[in-house]
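Naming follows writing order (A, B, C, D and E), and every chain is counted from residue 1.
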Amino acid sequence: MDSIFLIEQLLNGVGYGLMLFLLAAGLTLVFGIMDTMNLAHGSLYMAGAYIAARVHEASASFTAAVAAAVAVTVLAALALEWAIVRRLYARDHLAQVIATFGIILIADDAVKALWGPSPVMAAMPAALSGPVQLLPGLPYPAYRLLLLGAGLLVAAGLYLLVNHTRLGMRVRAGASNRTMASYMGVRVGQVFSFVFVLGAALAAFAGALMGPISAVQIGMGEAILIPALVVIVIGGIGSVRGAFIAALLVGVVDTAGRAFLPPLLRTMLPPALAADLGPALAGIAMYLLMAAVLILKPAGLFPARA
Amino acid sequence: MNDRTLLAGCGLEAGYGPSQVLFGLDLEIRAGEVVTLLGRNGMGKSTTIKTLIGGLPLRCGEVRFGGRPIHGLRADAIARLGVAVVPEGRQCFPNLTVREHLIAFADRRNDSAAPWTLERLYALFPRLRERAGHMGNELSGGEQQMLAIARALSTNPRLLILDEATEGLAPVIREEIWQCLAQLKAAGQTTLVVDKYVERLLRLADRHFILERGRIVWRGSSAELDADRALWQRYLGV
Amino acid sequence: MSLFVADRLVKRFGGLLATDAVSLAVDQGEVHALIGPNGAGKTTLVNLISGLLPADAGRLVLDGVELTAMAPHRRVQHGLSRCFQITSVFGGRSVFDNLLLAAQAHAGSSFRFLRRRAAETGLHRQALELAQMLGLEAVLHRLAATLPHGLQRRLDLALALATRPKLLLLDEPMAGMGPDDSQQMVALIRRLRERTAILLIEHDMDAVFQLADRISVLDYGRVLACGDPAWIRAHPQVRAVYLGTEEGV
Amino acid sequence: MNDDAGARLPPSFRAAADGAGGEDAGGQDAARPARAGARLLPWALLAVLALLPVVGSALGLDYYVGFVRRLLIVAIAATSLNFILGYGGMAALGHAGFIGVGAYTVVALVDAGIDSAWLAWAAALLLSGGVAAAIGAVSLRTRGVYFLMITLAFAQMLYYLAVSLSAYGGDDGYGLHVPLVFGGGLGTGHAHVFFWVVLAIAALVFAFASRLAGSRFGYALMGIRDNETRMVALGYPVFRLKLVAFTGAGALAGLAGALLASHSNFVSPSLMHWTESALLLVMVVVGGLGRRWGAVLGVTVWLVLAEALKVWTEYWHWPLGVLLLVVVFFAPRGLAALAERRRGAA
Amino acid sequence: AAPIKVGMALDISGPFATIGAETRDGFNLAIEKLGGKLGGVEAEFLQTDFSGNPEQANQLVSRYLQRDKIDFFTGPVASNSALAVGPALFAAKVPFLSSNPGPSQYAGKQCNPYFFAVYQNDSYDEAAGKVANEKGYRNVVLIAPNYPAGKDHLNGFKRLYKGEIRDEIYTKVGQIDYAAEIARIRAAKPDAVYFFLPAAMGINFIKQYVGGGLKDIALIAPAFSAEQDTIAAVGEPTLGVYNTAHWAHDLDVPANKAFVDAFRNKYDGRYPTVYAAQAYDVVMAMDAAVRAVGGKVEDREAVVAALKKADFDSVRGRFSYGVNNYPVQNYYLRVVEKGADGTITNRLVGTVLEKHQDAYVGDCRP
């Protein structure tokens, strides 16, 4: 195993981690900070991916596609917030889970009626479709570099917004004690609407960016929900920094499990057992990691409230 | 009604669900005044405050602030007009640090020449400076109380409302709060106080209202209250 | 021999030394008051004693039994009970249900799966006795959350007493009470000292000086002074950091 | 953590738990005679169900007999979840894992040539209880969403374990080609007999759960749900109480899994996919958290609706979604609570 | 007389929704062509969404059997659903014409006269193994999801492949990111990569594979991972992928020409997939069998005997069944190319295996 391979896999791990963070970013905001369990995050992500795919095909401009995806999803999220979600803020998590699960069921059928049951094509922007040579012997997909950059950018932006702006503080205040926040003059309703829509925009952004490297199809939102929640929970609900570190951790552990575990086991165990065990362990690496973290730190790595 | 009246409640009726707590209550606070609301436990002091600041809907009656009716407004709108409250039970935010409590809502809602800044608040409560990075729920009970007061002051309100704000504070600190209120008063801060240390309030406040079962049963100046100890016995349980 | 001894307890929160080698003893039948500035570490100390927080170092002995490594609920079974700084009752249930739950805690196993609790007359009797002792008979069927503050505190106390403690920890029992309620509480606590020793935290100095046999003063996590009330009242350092010059003190 | 910790419940599920308060407070210690009839109604319905196999096959409705049998089995699992969630405030998202353990226990025994139903079911009960105890022992240190996610994690591990278990078919599943036997020449192959056995077991489980709710144990559990710190301060062995409840619920879910294996003669990992856990949770909430018949009602409504809609249209998901929204906004305490109120008003 | 009842399992939601929809379109085209009849007899075609979930499949089949009393069953997309519903159908003596999966179990030890397959799962892979030999790939990397079907497919490939297996990678079911695997492939430097990654997994993989700059390492797949549905979702990156199947839309068989034209006509010009072709064929097979028994579908023995003759105009051309009712048929090589009109689609390259029989037939003792 040469060092290039190691570096490459490390990079892959970090890249996957940033991708996970991108997927989880909107949810971090709405669930982590605003304390509203929004399973429909996945549906907004799906909406973003579909719209981007369609607009990209029609306009041949990837930038326009991403912008349109975000814009349209924001409009949809506004309507959703107005009609349903705003009635959920004050409810408990379980009610939020049930209601937003209902939204998923409706959204999936709506997308199916609109675009059919088959996956649609989300092309990669031509300029980014090849690899770039990072080091000699280490090509890296150019598009992934874009994802990496986007993940970092979103992370930084979110961190600043949540922890270093008055808006972020007011959101957190409203989430933990709505009444008191309003006694302090916070327009809790408006602030929450804004944050929800921002979360939706991030979901759509992630969906639009993920489209070209993944299947754009019904159910794609549900598939990312669990990893996104895992990242948030490992990091400690409500902590952007926690989610970021957790995403990188999950990315690296998962990638390492897939890259190194099977060959390693093959050198240590009888082939049949190694062949069974390796992939099985790699498959549950993320869950093992979460269970281990929660056993040691029952409120995640960086609990936002003591 | 006086043209210096800052806040006026008139015929207030309110309650929780089926049970009515306030029965046609009238009170007014003039600008620059310190007024107290006194009464035994459960007589409706906190409920009165909640109705004044939009935390509980009025069933009947009206509230005016600076001459304009505010009883239709939401709590946050009333707060932005310049009303700040230190509520019963402190209500610090568990997920905000001490420092964040003091900057998140900071504003200049009155026209004081010497507004409260973070520095001045820390100077008032040095404890809070020591705990600046702590979360709201990592503070001791008394520290939380200080934080709640400082948080209210950070908005530089036109009307400050303190509901048992000295609750759980050490006697020295309590005394500091009284002195601070006296200074504030000197600087023109209008204040509504609910507290159980009547004796101490006599020195501080201009006027007093006594509440009994949701009605104002007595109103008068400190001197009048001081003179009538039977009142204390009857309505305040002292 | 003291009933209860805490020996050099230590607790850190990150860099903050909240409890700094505190030693404390409570005798049989004694009301031992704990006072000190805000944030001095009083509540933390109570949490350490009751086991809600794990101590970093130190020992605890109650009536000859070493509590140090014991889980919180086992400490209760060995005679330690507490009330909280903020009233903690089962708000969604009736007063009677609250008392039943407390009686059940003391009556031994909760691992009874089939027998209806409604049929356990023993529990009902105990609950009623508690209600009588604390004057809660009149409100037996009201939801705890709808009680006035004073009564809620009394219910809180009743719950703590149901476990028949040898040592009762009270964290600011007078908080939020008007003068008359406070006086009633003082009378109640006075009656209780026959049944149990009490460690009392309180900022209401009237109550403290009426009740305490001994007072310990905490400051920055350390015991500043410990002695009888008169001595404490005159203690210059205590006056400086805590009592101030407020009259009535 | 500070002094006011006592006032804090696991906040996320507080309201849901409060929602449950209604019944147990109302169902307080003395029964109200006027309600006695209403109380007996579900039991009477269960008794009437015993006639279903005979009547059903006479009318050529065999399929519906099987449908009700499955409904009863799912209701057993849902009842166990309702117990820990509704009464104990433990929102577990891994219940399908225990169902799977129970089902695979039957598979393992059948694969080894053991075909006694009682043995297989007892083994399923024990094994899934054991797994639940182990998972609970580490999971119950967490609360709220963390608990939700850690139970999900363990269930996912069980799922992937089953997927890669090639001995029992892995992802393809395992067909149970020999029925389990009860003795006396009867077995799960006899549709009627199996129905009655399931009905009897379900009735026992419902009765047990209902008794449990009124027992010391049940009250202690509700106390923990409402105010855990206070319960510790009262001297309750909180962790052990929760663990016992969780273990028992896991065991019952395992029993349901074992019955389900015999019901469909087929077991596959899809049984333990996380969406199955989520559906169980949804059904319990729809029915009414912490209500005596909530779980059963939720399962019935959900399964019947899904069954009917699927026949009717390809787009059968969205009406269920609408149902969820309606329940959340107009019947926040579940359909059972709604039904009770109706009855109260009538 | 009562109409003939056909129970059809669709998987139009869930993980195989695309294949389910293709299958449905194939069914419907055939039904339309037959005027809603089978063998000239009035027929009722029940279609229900099985959601790609074996548990649900199990329940819905008991409904078909007990309530609707079906005479034929066809459908599910995945092997696990087929395995879940088989026993009940066999016990009720209802012919089960699989419209897609051909699990090895039913080909071998658990073979059953009532089960008819359209291919055997591993045969695609066997053909692919042979293609790899013929193309002169001396070493390959294999990749599949970590479940039994994945292993079966890779074993099928290995059965006829003679070169070196550089690495055998098993991935998590439902994986999104393949960067780690792609790096392993790059490090192994094989001549070709054989992948069995159904549905979304395949789409993710191909996109990331090409993006990762491995275009020069040839991709071979069973047709499932390079069918029209995948091509439509992935686009250009599928170009050049070799894949094997028992059918192609440009297969020169008259029945096939008619089918493809009718299909493109009905479904706005899109090319049919192998799933649609199979579904169409299955209904045609039923039609022929019903005609052969003169509409007396109650005589199941006769129906099965008629089915076994495979006496209908299959879009695959003439074929016969082995003792296990798995077809003995040709397997072809196809490659994804851009047509003259710019549409990307599979082109038939040639025949890989002729009259090929599956490897499990020896275990079948009917």
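Quick note on the criterion: a residue touches a chain if its C-beta (ideal position, glycine included) is under 8 Å from a C-beta of that chain, and two chains touch if they have at least 3 such contacts.
All figures in this text were calculated on a predicted structure; none of them were measured in a lab.
Think of each touching pair as a link: the shortest run of links from chain D to chain E has 1 of them. The chains that touch chain B as well as chain D are A, C. For chain C, the chain with the farthest CA centroid is E. Here the CA centre of chain B is 30 Å from the CA centre of chain C. Rounded to whole angstrom, the centroid-to-centroid distance between chain C and chain D, based on C-alpha atoms, equals 41 Å.
Between chain C and chain E the centroid-to-centroid distance comes to 73 Å (mean Cα coordinates, whole Å).
Computed from the mean C-alpha positions, the centre of chain A lies at a distance of 45 Å from the centre of chain B. Shown for chain E are the residues that touch two or more other chains, namely 12-13, 146, 172-173.
Looking at chain D, one finds that residues 1-4, 160, 163-164, 166, 317 touch two or more other chains.
In chain C, the residues touching two or more other chains are 43, 85-86. Interface of chain A with chain E (complex): residues 5, 8-9, 12-13, 15-16, 19, 108, 112, 116-121, 123-124, 129-131, 139-144, 212-220, 223-224, 227, 254-255, 258-259, 262, 275, 278-280, 282-283.
Those residues of chain A whose C-beta lies close enough to touch chain D in the complex are 37, 84, 87-88, 91-95, 97-99, 101-106, 108-110, 112-113, 222, 226, 229-230, 233, 237, 276, 279-280, 283-284, 287-288, 290-291, 294-295, 298-300, 306.
By the touch criterion given at the top, residues 12-15, 17-18, 20-22, 146, 168-174, 176-177, 179-181, 183-184, 186-187, 199-200, 203-204, 207-208, 210-213, 229, 232-236 of chain E touch chain A in their complex.
Within the complex formed with chain C, the chain B residues making contact are 40-42, 88-89, 127, 131, 138-143, 145-146, 164, 167-175, 196, 199-200, 236-238.
By the touch criterion stated above, chain A contacts chain B in their complex at residues 166, 169-170, 172-173, 175-177, 179-188, 238, 304-306.
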